[in-house]
Amino acid sequence: MNDLVASIPFLGKRHPAVARWGTLALIILAPILAGYFGRTWIRVLDFALLYMLLALGLNLVVGFAGLLDLGYIAFYAVGAYTWAFLASPHFELHWPIWAILPLGAGFAALAGIILGFPVLRLRGDYLAIVTLGFGEIVRIFLNNLNYPVNITNGPQGINGLDPLVLFGWDLSRTLRLGDFQIHSLYLYYYFFLLCVAGAVILIHRLQISRIGRAWAAMRDDELAAKAIGIDTRAMKLLAFSLGATFGGVAGGLFGAFQGFVSPESFSLMESIAVLTMVVFGGMGNIVGVIVGALALTFLPEILRHVAVPLQQTLFGHVILDPEVLRMLLLALAMIFMMLWKPAGLVPAQARYSRPGLLARERP
Amino acid sequence: MITLLEARGVGKRFGGLTALADVSLTIRQGEVYGLIGPNGAGKTTFFNVLTGAYVPEDGEFVFEGSPLPQGKPHQVVAAGIARTFQNIRLFRELSALENVMCGHHIRTQAGVWGILTQSRQAREEERLTTERAFELLTYVGIERFADTVAKNLSYGDQRRLEIARALATEPRLLALDEPAAGMNATETGRLKSLIEQIRHDGVTVLLIEHDVKLVMGLCDRVAVLDFGKKIAEDVPAVVQQNPAVISAYLGGGKHGH
Amino acid sequence: MDILLQQIVNGLVVGSVYALIALGYTMVYGILGLINFAHGEVLMIGALTALQTLGVLERIAPDLGPLAQLAIALGVAVPVCMTLGFLMERLAYRRLRNAPRLAPLITAIGVSFLLQTVAMILWGRNYHTFPQLIPTTPLEPVSGVFITPVQITIVVVSALMMAGLLVLVNRTRLGRAMRATAENHRVASLMGVDVNAIIGATFVIGAGLAAVAGVMFASNYGIAHYAMGFLPGLKAFTAAVLGGIGNLGGAMLGGIVLGLVESLGAGYIEHLSFGFLNSSYQDIFAFIILGLVLIFRPTGLLGERVSDRA
């Protein structure tokens, strides 16, 4: 947490306490602030948190281990469809979250291993294309597996997914405490927030561990990493399957939150969107990735609310619709970051070890 | 004298080119063993085959009495052989300390679960790794640069860091590929005493080197490779007088014009 | 039997378009080691530019014959795409020539999506009908096989362009400079080759081929839209890898083989999978072939030739 706070610009180093409590307050109050502008914005916040989970997971693969995975969204799909199969009227199953979420994560990890095992010895650029192909294959199957046996319900997707229910507490209903009411969107926000916080802690622990160092070593110089005894194949597979696990969990939460799933949500465009978040914020840096996910979820929405009315006033009709604006933004973000700031908004720090220990022993 | 490593008839070909032909040699525990020869004689290929980067067509290596796995670098390191590279290969974006900590990877066990839950073992292991890495930086004399990113170190310090990183794998045999290349006389002198210290501390050293003076002053025994074949193996003073060696180095006979 | 022959003919037609696109991938990969992800989008821009030109022609010169229309449409689309190819290299990829390997690839993905978006803005999201200037009504069937004039044109034009490219690469000064650059940038520049110009020329030539492929593709299916370049692009890349990336002959062979496999696969997939899968799975063949080739024979059928990016 300290490392994370320290990387907040300006304030982080000079007034760490202010930065820490300020950030914390902002995080907790965010949905209430967003609520002033309308419920849509709380919903956007909720999605931003889901994207953070996804981006954090992809960052394990791309940022830490240096493997470009363009089919990452497939693992998200695995998680979401696991939820759809096991908690919806589609198969008349209504399993509890404690069973589905681990299962979804497990299936995603398994998919990661099945894909990773043969492809991880490929060169970086080939790996990218093969994972892209994998993502497309998954989507094609989701689209077409409604025949001859209806498994995925094809392009229509699956409706009526069970919401998140924690210990009998349904997050999709407004919570009433006497006269006080808390809308479902807030509940989801705080639950997703907990998930993201958990993910950050776990991923940070991995990053500063022997495994995180092995990934960093491998990303820097694979041959040298092998020569000092790192089993690079095993480490790549681990990064791949752990990244997939996070994708699977995020997918399950997405399904429950959204209430329906369809192949459309798992297009290549979404893989690219998550990748852009990682690249934009800073590959290999947890804070950067969070900032990237937040920025690139919010910017398109802001554009939607600003640019569309603006165009109507200026030209009398909408020239650039919100979806086009989002694509334009993502594409430009990716190109400009790579050309001018390849390390991202918040570049990864070189040090993964604990500075405290060094400070003590340095002469 | 106990045998540490034995190469038995090792052969390696690249297409039609024979890089190593039937090379057999024996390295004894506790010695500094030099491997010399003209450019392209197969010294680095020998290193690559030994450390599992290449799979040899013929022969095998026996290390501490058991055959070494072939083509599995990490298992070779686990068995107790560490190497450095002729053209330094550090993890350039990591700090010096982290570079050495990476070297300790193979001697640690913490798994994903232990790390995610920060189990006591995992934390203890991490603490020991950091301590050990710092000790090794001190050992090679660059502890003040612990925090410096590897690519910003001076050339000589990068060499030292690479040795520290190799030592972090806790090897029984340390294989150094031209460690003095590009060093000036002072740096070479310091390197020499470092290697002597390493040997004194119980690690056997296999040394590829061009600097004949360094080899002669440091090595207990020397083997000479020429065109992938071993043409001599003895104490330095004897090897120096060997006519085949002299002709190989002076480019006589079969080297053409 | 008729079905088999018919599928082979269809496969050859699609395969020759893939081959034409694959050449662009393979030339750029051979020289830069870069998968120019946006290459498929050049095809799309080519098709849509041609469509736009035809629309204009319809208004200003409605009496023009179909062949003249087609020639003018190509005459506009090819230079437009060549300029696009040149700009892509000059503005984006050149700056990244010495960057870590992932950076150019990520940029290429960005460029690809940028072009799609721009096309979406210019031409909208809808499918456009591409005028059928060359008849698409099948000729008299020969031994039960239907073939259309546009299909014949596609095969002939592709063959001519590939032959032209082979002559260019193997017989001209420019071609020799390209081969030298592909071998080793530094040495080539020491030998007096203007490496930057050669790389630019490679992009321009590849884009020109893609423009022609785009127009043929749109004529064959009678449709053009902003996302039409993605799948053929990906498949053509597969073809390039299948043949051995960096290898011109390989790209052509790979394109034809991929076209055949896909077409035969689509025709027989229902039998092969006992009715479980149908022809809507056609697109996965390319991906499966790509995966299998990369895993079992990463150097492709004819072997790869890639610059060592020293």
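For reference, chains read A, B and C in written order, and residue numbers begin at 1 within each chain.
The criterion applied here is as follows: contacts are C-beta pairs under 8 Å (C-beta built on N, C-alpha and C of every residue); 3 or more make two chains touch, one makes a residue touch a chain.
Everything numeric here is computed off the predicted structure, so don't read it as measured data.
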Contacts common to chain A and chain C (chain labels): none
Chain whose averaged C-alpha position falls nearest the assembly-wide average: A
Most distant chain from chain B by Cα centroid: C
Between chain C and chain A, distance of the C-alpha-averaged centres to the nearest whole Å: 34
Distance between chain centroids, defined by C-alpha means - chain B, chain C (Å): 49
Inter-chain centre distance, chain A versus chain B - centres from mean C-alpha coordinates, in Å: 43
Residues of chain C touching chain A in the complex: 33-35, 92, 95-96, 99-107, 109-111, 113-114, 116-117, 120-121, 230, 234, 237, 241, 275-278, 280-281, 283-284, 286-288, 290-291, 294-295, 298
Chain C contact footprint on chain A (complex, rising order): 62, 66, 68, 70, 118-119, 122-126, 128-130, 132-134, 136-137, 140, 143-144, 147-148, 268-269, 272, 275-276, 279, 319-320, 324, 327-328, 330-335, 338-339, 342
Interface residues, chain A side, partner chain B - complex: 202, 205-206, 208-211, 213-214, 216-217, 220-221, 223-232, 238, 242, 350-355, 357-358, 361-363
In the complex, chain B residues that touch chain A: 51, 53, 73-74, 77-78, 82-83, 85, 89-95, 97-98, 101-106, 108, 110, 112, 115-116, 118, 122, 125-126, 129-130, 134, 143-144, 146-147, 149, 165-166, 168-169
